[in-house]
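Read from first to last, the chains carry the letters A, B, C and D; within each, the first residue is number 1.
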């Protein structure tokens, strides 16, 4: 549905959907859709906005150097720098960053392991892994206090076969060619994280016992 | 409410309801309602559609050989073949396939046992088991990579007394004479699966301790 | 809000609210509001209706002998007899019967104890227990296959200080002077049941460790 | 969004949002926004209102001595006295009091410790803790039966660095300069409480293992 929307409207629509799931609590999270590639301009949520009530003027057009491409009384989210680095590194068209209890739990439970192993789940197909016996690991980076350092760490950890990186006790960055892809990946990650957490709670085993 | 709707509209309505429950994450799942029996034509969700925004033209009229009975730019879901085999085997009027964390959990927890035993629950009546001391087992089949093999396994596992089959770490296929029956069965399964998982988490016992 | 509604409309409104919480899955549950006392007439949900889409003509006016006080093509819920017995025994104005995973869990976990002990919770005030150190026990009766027997058991178990009775692996009957009271009691019960189940899962202790 | 609303409308809007999350069950909880400081007048929910259907006339203008500043047939919530003491002590502009299963669980689990320790979580920034290695403790006070005693205990426990106080087996009082701040703090608290409870259930460790 977000396919045919202009970037600003797509961000408003994504905010409404993800906020309704409870994935953008306490004004946290930030969402962006690319407006143009060279030079980079993205439409991104402003800092401090309540995503449950996001309006068109809460979405800013921002350049790679964090200046505004269109005038606004607001400033972009402090984590815009992570979006910039992901657009530069991946060449994607949309970046979604959300905080959920389950993505925070897996980021801590699998911190020592360096990533969350996922295998043997049908929903890996929603992450574009259609091969038999698909197996991927979602990387986890530390929650660096310095946001430039965080941006570098996320971009460096990003792997071609997994469209997301977890930040420890913080949340996930997920991305896609467009808004619909990014949302599909994000929903698949969150489903799998909840599954992994609950399975571990029931059995003490990793990744649903499929490894 | 879906009783008096034409099949395409019934599918759109079912998608809206089940997506609102979070049962169709990441464009997963597929839903169909039979249009005619001989030869078989069904109205089924297209591949890759976001069920939270399903529109009438996201629902395709498809024949048993997977060709389109009405022109469309879209292609049917890859799992249409499972629906075909269930319509042929059961003679039902509606097939619902959804992925939930709880149906994934029971499919893995009871994989070694071959099925999920259910007994002593009032909601077995919603599965049309009104007899005293009702007891049923929901079959679980492996998540075959080959979809024709999956379709055969699901259809073969289907039992006359249980309107659903679980696929391991994948989801459930549930069916009914019409859309309302199929939805009632699906809601009953999901309630019972969540109950079984939570009871086992609390006590380590199977099926709510009623076996 | 249900205070000023006629009984039929109040039932439709209650159905919409409780179905939105997921408390009336798979067409289960039944809800009634008293129309008149002597002789008894109640407005009650018909058998088999999907409560997520309940309409005014899905609510029947029924007498104590289960005959219809107004013509309808539908028949009343099979559990109407439990409502009748509660109106007769308690003299209440509204009866709500719902199935939730958490009320099913407590009904099984506390079956051997004969009831769910509740103490030391602020929400006991929502059950009209404003006294210091309030302590109540919600009775649990067996899920008798014979509905007349079930009705007798529920009515007999009903205590003046607790506006609800659990039925084992089935659900709860809650009642009040009017629809607003009954809904308040039901929401308090469900909150407390979820609390008790989760606390026990975390600590192995009963009733939030307040006994 | 609540920034530009008059206090009464802001309370109605907050009630709708927080009730939709299930945080105001069984007519519990109370919400207020300051109308003026000297002398204090606040707009606060009336006693016993169903927050899922709150209307403008369910919000009362009340003075520090609990008299009505505008005529109304209703009386203010019994816990208005806690709001008064918080406005006097903190000088805040909005007070939100809600009951959730997770805030009840942490209030009991950490009762012996005197507070819930929180550290190493990104969402501490939503509580205005932007410093590296932020660490705060949410105080817990006993659920005094006498409401004046409760009000004194809550106000006395309030710390400048944490915009909330838990009441044991009861709920949380959270506050902010305005409605938007208070809601942001409340959503951050509830997210962190759910995280702490689930992490403890999985590992037996406190505060997500970050202490």
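Observations, loosely collected:
In the analysis below, contacts are C-beta pairs under 8 Å (C-beta built on N, C-alpha and C of every residue); 3 or more make two chains touch, one makes a residue touch a chain.
Since this is a predicted model, take the numbers as computed values, not measurements.
Any chain touching subunit B that also touches subunit C would appear here, but none does.
Taking the mean of the C-alpha atoms as each chain's centre, subunit A and subunit D sit 30 Å apart. Mean C-alpha positions place subunit B and subunit D at a centre distance of 43 Å. Multi-chain contact residues of subunit B, defined as those touching 2 or more other chains: 201. If the chains shown are joined wherever they touch, the resulting network closes on itself as one ring, and no chain has more or fewer than two partners. Residues of subunit D touching subunit C in their complex: 22, 25-28, 50, 52-53, 99, 101, 104-105, 108-109, 143, 145, 167, 169-171, 197, 200-201. Considering their complex, residues 1, 17, 21, 120-123, 126, 132, 180, 183-185, 187-188, 190-191, 194-195, 198-199, 201-203, 208-210 of subunit D touch subunit A.
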